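There are two complexes below, and they share chain A, which is joined by chain B in the first and by chain C in the second.
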Partner chain A sequence: MAGYLGRRLLMTIPILVGVSIVIFITIKIIPGDPVASMLGPTGSPEARAALHARLGLDDPLPVQYFAWLAHSVTGDFGTSLARHDAVAPIVFDALVNTLILTLAAGALAIVLGLLIGALTGLRRTGIAARIGNAFALFSISVPQYSIGLLLIIYLASNAGLFPVSGMHNPNGGGGFVDLFNHLILPAITAALVPAGIIARMFRSSVLDVMSMDFVEALTARGLSRARVMRHAFHNTVPSLLTVAGLQIGYLLGGVVFVEAVFAWPGIGLLVYQSITQRDLPVIQAGVLVSAFAFVLINLVVDALHGLVDPRIRT
Partner chain B sequence: MPRYLTRRRRRRFTLFGALLATLSLLVSACGGSATSAGGAGGNTLIIGMTASDIPVLDTGLAQGQGYEGLRFVGNQLYDGLTKFDLTKDNQIPKIIPDLAESWTPNADLTSWTFKLRPGVTFHDGTPWNADAAIFNFDRYTNKSSPQFYQDLNAQGGLSIAGIKAYKKIDDLTLQIDTNGPWAYLPSDLATVYFGSPTAIKAEGNQGFAEKPVGTGPFKFDSLVRGQRMVMVANDQYWAGRPKVDKVILRPIPDPTARTAALRSGEVNWIEVPPPDDVPSLKSQGFQVLTNSYNHIWPWVYNMTKAPFDNVKVREALNWAINRQALVDNILKGTAEPALGYVPHADAAYEPADDVYGYDPAKAKQLLAEAGYPNGFTMTLSYPTSGSGNMVPTPMNTALQADLAAVGVKVELKPIEWAAMLNDFFTGKIPDNADALNISLSYQQEGFWRSWFGSDSAINAGKYSNPEVDALFAKARTVLDDSARASLYSQAAKQLGKDSPWLVVVNDRNPRVLASSVHGFVQAQSWFADLTQLSVG
Partner chain C sequence: MSVIPPLEVTDLTTTFVAGRRRTEVVRGVSFTIRRGETMMLLGESGSGKSVTARSIMRLYGSSADVGGSVRLAGRELLELPEQQLRAIRGGQIALVPQDPTGALDPLRRIGSQLAEVLGVHGVEGVKTAARRRAEELLAMVGIPDPKRVADSYPHELSGGMRQRAVIAIAVSCDPQVLIADEPTTALDVTVQAQILELLADLQQRLGMAVLMVTHDVGVAADFGGRVGVMYAGRLVEDGPANEVLSTPRHPYTAGLLDSLPTPGVTRGSLRSIIGSPPPVGAFPAGCAFAPRCPQARPSCGHEDPPLVAVAEDRVAACPVVNAEQVVA
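So, the complex of A and B:
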């Protein structure tokens, strides 16, 4: 098991290098000069040239890339072009905020997905199942951006039940309860799509397992319904883990819109904003850190797989 | 499915329902406390900005997140030698003394003597004097000084373009020499801010942005990146303590969320509401403030090729669009029709500068005279968002319909703002389109030459007229403000004949304040004076 995890961990290195090269090249290909957006209309051509030279933007691409790589492996992601500040703390602050949102949304998605999946899988007809199916379909199809705005308008602004945006009360203080209140609407918004996907997957997995011979066999041997269900549930866990793990991974990158709508100061909003400013060091570090988190989450899922399913532990 | 399990399943369903109900109760209970804690308490102004992050807090770098940074950070934490008088809403802001009490130029306007204001200290107690001023000018411009900051120099742009040399005459007297006659040096200097030399030395150039220290009406209190910046009133402010105790800046980039934050009481001031929300905000008792300022939203014609190398075509389009309908229907009164090249809030404005109107018949006639009786097809490159660009997509779609009525078919080519700027700053129109939509201003007088001067590196449409160039050159040598304004007005009249742009609207700088905010005056400026307002 340890060897397996070690190998997987080592494999993340080429993945991250690949990701960084792709980002680097993409940013260089798309039009837009970071210095131009930095200086605005009042910048003189001389000032632009001087800044270009100082930031090393005139060097050949491979030189720029390796200079960046050499610094990055020491944890120095450089200086933000737009914020004139070290990139690492900016990105890590944002990552923590995104992780909070992702984990809350992930937990919500799993709970909702399991409940609805089980409901619709165990009871294929009836009003509750229909509502469950409709909800699953709705939550997959609805654009996060619109649902976020609707929640803001109706629950936060009109009804006054929740704060409209941000992560903390601007007057400061508040602590955990304050954070929790700010978290509810963005977490619901972000959780909808993965909840729907998990529900639909779990439903078919429940249907599959419930039609297997062992369920009938166990029932025939007089096991109680609860114990039968426990065995059945155990059989759905591997596929559940895979889907839930992937969904949480996607959430990491997919909360961009949610963060933008709710002004949640996370990594999605940071990278989005940095793209409009062509702030390459922040984009590079932000995407890399997200990719690393994605890989790590998948690693954890694999490890859990190993725990629940001895067959893949070799 | 075996039937005998139905009862148990029903029980499970009941359990599930109970769980949901408990969850929703819990959620609404917590939510209830959220609103009471989220509101603005006391004499505190909470501003919902359009920026998606807090601007950089270091002097001139504050404009890095758009000019909102100068408005809410630069002018609040810092002072310049001069400033705009923002206390009146019925006049174009004049340049008045700030950290300098007075100034006098030599006869040919190449050397200026500034008398500095005595008795002013930075927020950390460091005295303001000629040494502090020189320290900051070195930081902006002197490459051999230890505190020189390349980023700041680059961002200084037009504001420091006129400065050639500077020296201390005595503790409270400073001499600035310019690159040739520079009549508008005092107005350029309004956005050259001064930071405490003690703090800059202690924190270093980059670190200073984390602990900024100026002389301005508000002192830095705290910053949570991406979330909020808190400033408190400077009790020692030389012009008197601001009436409001605390100002909190919050980045809320989404316009709908911004309006919702105002409605729920989380903020009591928002910038740029979506035009569609303006009528309902008014009816709900919010103060919807607008005023003219120095802003213009044109299409810059590509004059290097047909059909816009023809002046009649350029003029024709200016008669074909219904600006008032655009203002009424799409912008809900948050802008005013632009009928010429000078915004109404520019000192150069004279009624005679308004040269165009809405007359589709005249447009058709001009097109026929130009040899296009059946119109033509053109491309327009426009940014989909960006500072000052208002709501570009619906606006350009409306213009497209107006122009189609006179036979001009417009193909809209949206482009991302940063990509557009990249071309614009190198003097190009993206994709070599026939026109470029952008928002511009003459807030700094040097902009006139930037947009229209033959020798400007960022004159994207390639307009060139020696007469206009001569007027801009002459303006630099004329000290009297109104005489200089009349030179720009003459230039604008010539522009009216040459029609280098399709002029569309001037923005009216919409912002919305809660009814609890008292005493704010919306000046005819991009900037805002926060010292005279109070909340409660």
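So, the complex of A and C:
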């Protein structure tokens, strides 16, 4: 197990380096000169050239890359061009907000996905299974922003059951209850697609395991139905972990639409706003941190996977 | 006073039910196995031999209607409530399935799977005692280092070792009847003989009645005991293995034997039975083998031949062959 974890940890290093290179190159390819947006239309060519030199933008690309990497590793992501403030605290605050939304949506997606997957996997016929299958298909197919807008219009704006947007009530309140109220609609919206995917994957996993010989063999040994089901569920955990981990990872980077629709101050909204403002340091740091978190979640999933399944930890 | 046999199957029928569709797979199979005796069910795939074995343990639940009578040491199993049946499964009657890899939970150590069965049947509830007993059982099935194997996961063992572990689980609660469903089919040829030897040895030591299902005439001949030849959900011939396999009294048994390669005979002389077995659920009227039978007469297509005594301790379901033999 220790060897497996060590190897898995070592493997994340090249992955992270690769990710950082891709991000760096992407930022370089994006059209537009950061200096131009920093100095505005009134900046003289001499001033631009001077700032170029000061920011190191005249250096060869590898030099720029390593300078950026060295700073990033120490937590220094530079200064925001639009907010004139250090990037690191902005990005980390946003990351925490995104994590809150991601974990809530992820938990909801796993619970829903498990229930629907188990229901449709164990009973393949009947009205309940049909509704479950239809829900899974619906939730995968419907775009998040349209569901988000519908929820805002009907449940928040018209019915007034939930706040329309944001994370906390600006006029006092605050605290956990307030956060929870603000969290419900965006979490439901973000959870739909992963819930559908988890439901369908878990359904096929349940079908797989229940058709395995050992279910019959365990019954033949005189085990009760409950005990047999416990063995069966245990055997679905590895595939469940894989799909749930991936979905939570995607949520982390993919809640941009939800954050934009609900004005949730997370990393997706931050990056989205920064793109329109050409705020390159924030974009760079936001994408890097998201990617880092994705890799980290996968590492945790792999560790759990090894814990559950003896066949892969050799 | 007559001794009650461990297993007495009378007129067993199994019909699979899926919605409104009913598929008859086993059609009236009867046999009795006495203590320490072996019964081989021999037949092609689709003949209903595995379904017969599983129906005895009622492993199909609500997906099949099982009729007739199955008496385990005099006790009717087909009318027993599920809860009492559970105590009997793995306790008085145990199963060794075909594929040892599929029969074990891949995520649990061998020792823990053994201990679970011991615990469920109340043989050894205490953890340390169950562990000791598990190692004893592994040693009994010829595993050289039971401690290591008890701590192993199924994927860490060879196919033969896995099948030994499965057999250890099956005999762990000292069953009266052991059902082995093609126990060697998934194994290497070299390991097959060892597993058959182990089963014969355990049968002798524990006095079990063994019901073995096989499609392999060689296995049936090796293991001995009685052999029941199945075709299209019925027994077509039943008797002592050495007699049935040397002087068959049913054209299907004869065809099976003819299709075996004989050492020393040149290639190309292998004969196969013409045609293929009828699809399950669409068995023809009359004798099900008639469409493939070289000796079929017009009457075979509509008269369903019963099993009749053709010699001492032997029955067969072919009036044509046996009428000739009586005349000859």
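Following the convention adopted for this analysis, the second predicted complex is superposed on the first by the 275 of 314 C-alpha atoms of A that agree within 3 Å, B and C clash if a C-alpha of one lies under 4 Å from a C-alpha of the other, contacts with A are read in each partner's own complex, and residues count from 1 in each chain.
Rule of thumb we're sticking to: a residue touches a chain if its C-beta (ideal position, glycine included) is under 8 Å from a C-beta of that chain, and two chains touch if they have at least 3 such contacts.
Being a predicted model, the structure only gives us computed values, none of them experimental.
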(request) Have a look at where A:F77 lands relative to chain B and chain C in the superposition and call it first, second, both or neither. (result) neither
(message) On the A-aligned overlay, A:W68 touches which partner chain: chain B = first, chain C = second, or both, or neither?
(response) neither
(request) Would you sort A:V261 into first (chain B), second (chain C), both or neither based on which partner it touches? (result) first
(request) For A:F294, select first, second, both or neither according to whether it touches chain B, chain C, the two together, or no partner. (result) neither
(message) If we overlay the two complexes on their shared chain A, which of chain B and chain C does A:F202 touch? Say first, second, both or neither.
(response) neither
(message) Which partner chains sit in contact with A:I184 here, chain B, chain C, both or neither? Use first/second/both/neither.
(response) first
(message) Just checking: does A:F135 make contact with chain B only, chain C only, both, or neither of them? Give me first, second, both or neither.
(response) neither
(message) Counting residues of chain A touched by each partner, does chain B or chain C come out ahead?
(response) B
(message) Touch test for A:T219: chain B only (first), chain C only (second), both, or neither?
(response) both
(request) Jot down the residues of chain A that show up as touching in both complexes, chain B in one and chain C in the other. (result) 219
(message) Quick check: in the complex, which residue numbers of chain A touch chain B?
(response) 30-33, 35-45, 47-48, 50-51, 54, 79, 82-86, 90, 93-94, 97, 115, 119, 122-124, 128, 149, 152-153, 155-158, 160-172, 174, 177-178, 180-182, 184, 210, 219, 225, 260-263, 265, 269-270, 272-273, 275-278
(request) Going by the contact rule at the top, pick out the chain B residues touching chain A in the complex. (result) 1-2, 5, 8-9, 12-13, 16, 19, 27-28, 30-35, 37-38, 40-41, 44, 46, 52-53, 56, 58, 61, 63-67, 150-151, 153-159, 161, 206, 209-210, 222, 224-228, 230, 248, 250-254, 256-257, 259-261, 263-264, 266-267, 416-419, 421-426, 430, 440, 444, 446-447, 450, 457-458
(request) Write out the stretch or stretches of chain A touching chain C in their complex. (result) 212-214, 216-224, 227, 231, 234-235, 308-311
(message) Can you tell me which positions in chain C touch chain A when the two form their complex?
(response) 54, 57, 59, 86-91, 94-95, 97, 99, 102-108, 116-117, 120-121, 153, 155, 166, 169-170, 173
